[in-house]
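Working notes for the structure below.
Chains here go by letter, A, B, C and D, matching the order in which they are written, and residues are numbered from 1 within each.
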Amino acid sequence: MKRTLYGFAMVALFSCVSFAQTVTSYNVTEKKVIDAQKAWCNALVQINEAKEKGGDYKKVASEIIDAAYYYQHGVVLFKPTLTTGDQTFRMDKEGALAYFVGGSEKYAGDKGFALKGWKRCESKPRGIILDGDTALSMGNVHMWDATGKETVVDKTWGYKLDDTGNLRIVLHHSSLPYKP
Amino acid sequence: MKRTLYGFAMVALFSCVSFAQTVTSYNVTEKKVIDAQKAWCNALVQINEAKEKGGDYKKVASEIIDAAYYYQHGVVLFKPTLTTGDQTFRMDKEGALAYFVGGSEKYAGDKGFALKGWKRCESKPRGIILDGDTALSMGNVHMWDATGKETVVDKTWGYKLDDTGNLRIVLHHSSLPYKP
Amino acid sequence: MKRTLYGFAMVALFSCVSFAQTVTSYNVTEKKVIDAQKAWCNALVQINEAKEKGGDYKKVASEIIDAAYYYQHGVVLFKPTLTTGDQTFRMDKEGALAYFVGGSEKYAGDKGFALKGWKRCESKPRGIILDGDTALSMGNVHMWDATGKETVVDKTWGYKLDDTGNLRIVLHHSSLPYKP
Amino acid sequence: MKRTLYGFAMVALFSCVSFAQTVTSYNVTEKKVIDAQKAWCNALVQINEAKEKGGDYKKVASEIIDAAYYYQHGVVLFKPTLTTGDQTFRMDKEGALAYFVGGSEKYAGDKGFALKGWKRCESKPRGIILDGDTALSMGNVHMWDATGKETVVDKTWGYKLDDTGNLRIVLHHSSLPYKP
């Protein structure tokens, strides 16, 4: 059984009959959302680390996208931080991979956002909405490079649980803070 | 705000910035399901008590149906324990009210299930499924009359949260245990 | 892509920019519910046919349960028509299989409901509720044997879509009509 | 009845019994999403028009926010286009109203986004996800002032149906396109 199951609780009732009661939940928990954001941050640092160590960072990025996003099941609504024009939205995995690690002919402008030297990343959601097998989160993500320089983005994520209980990103809107 | 709100938790982060994080849940909890079943049982006893005390038991029943079922918002799939033929299913409030307290020309066969002298009622769900703003429950309901005679039914309920956070019955299938 | 995707519709807008718009739906459709009920009926007849033809009807039944129910993903709330006592509810596949084809030591009273000579089966839902990736249905199922004798049951089904777009039974309450 | 009800369809079956079958859907439709985006655009133009005509544009804005957003029921995750610093996110109605029409002491930097002379507004979603009583949309919104100058924003909306069938905004992330 892959879903949350609170287990079999033996319940003694005053009629002196005891029975097993199961409770199954298909709902996203706050912990799953927080964990998904930590995993996203770790992934960003991992991809950069793979590149700096001469590893196969494209493979790392591809596996991370497969694990964290919903592309294998369907469309993802993805507006990365630094995309423009008719390549602003990345609805399929190819577009997401190009954004994170570059090297794509189709998305020639992409330099690889995950390769910008990130050493640390932290998500600070301001609000989370839990709604069945979906969740929404809005807040900031903070990223630091090797020199300690901090980049902050405004970040919205939408999530959906898959059948195996993995929380996957179905919506991702990232933008640089407005500069008046 | 009427929905579950886990409150504003001040979260101190290592970057020495603190901020308020809200978590809103639109999900049904196990407690809501258990409470709804206790309320249904209490209602059954209350309607009977109103009748025995010469009160306006039809009004009591009507208010309880309004409070516990989803009829005000839409169709309810209701198969009561003792209905038959083309009146088996009671999709609107009129059919539910007739079943519980009788006295309806349209449902002339209804004697009023809630008026059968119930003194105690207990729900024993065997399984509960929580799925967003809906929940399912299957198990037994035990009812006792003044003589201590027990009646057991096999009971399935489907629930849906309304906008004010009340859990309402959208599906109700009740049947006497099979006698081989 | 496994989910319903309405396809890429080229939309010409008055600002003379055209773009592709995708619409993805994770919702159960009425057709899926109707199809699932036809499939359940066909399965009942198939299992019986396998037995009558000397086939491996247990294997047929096992595969059908895997295909039609949610047991592989989690608990199913199942109250079959003819079960009694502490074996009334069949929350796991073993209990469902025993009910349909018998031959189980654990469920020694089961004679195999699917082996009762069914030649035709038809579901007549009175009401269907579509709610995201779940659906509820209540109504009657009619079954006929080789002599043309008809059996009618009151039937409630709850469904849930899996990641591959298959609609699976998570709740099943079946009961013989009340005999006054 | 306030929800989508496909009506009572008389279904003639081969067993010569006809019955009424109801289908109730609690799911958001694509049309509801498109209509909500048109309504949002119209509202923006209406607020500006009210101000230009000397009307009570704050009242107009307040009513529109009540009608279009989910603030009356709970938190809304709102990151407007032009907000900054610790006032970036507007989780309550006060923050949303200040953003649209200004004049708030608490949000002194707000000049009133809806008062910037908008004469026309059009939403062009690139992708829509329908998921039960919720929906997600990502794409662009184009706005034109009296001189014909166009402003484009990257726009994400999350919606939730209320009990009366109104689709309300629970999430709104707007950002100016990235300028390399």
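Observations
By our rule, a residue touches a chain if its C-beta (ideal position, glycine included) is under 8 Å from a C-beta of that chain, and two chains touch if they have at least 3 such contacts.
Remember, predicted model here, so these are calculated numbers, not experimental data.
Across A-B and A-C, the chain pair carrying more C-beta contacts is A-B. Using the mean of the Cα atoms as each chain's centre, the chain most removed from chain B is A.
Between the Cα centres of chain A and chain D there is a gap of 25 Å. Rounded to whole angstrom, the centroid-to-centroid distance between chain A and chain C, based on C-alpha atoms, equals 34 Å. In this assembly, the C-alpha centroid of chain A lies 38 Å from the C-alpha centroid of chain B.
Listed for chain A are residues 19, 22, 24, 26, 75, 91, 126-127, 129, 131-133, 139, 160, each touching two or more other chains.
Within the complex, the chain A residues that touch chain D are 75, 77-79, 81-84, 88-89, 91, 109, 126-127, 129, 131-132, 134, 136-140, 154, 156, 158, 160, 170-171, 173, 175-180. For chain D in complex with chain C, the residues that touch the partner chain are 6, 11, 13-15, 17, 19-27, 30, 122, 124-133, 139, 142. Within the complex, the chain A residues that touch chain C are 1-3, 5, 19, 22, 24, 26, 73-75, 86, 91, 132-133, 160, 162-163.
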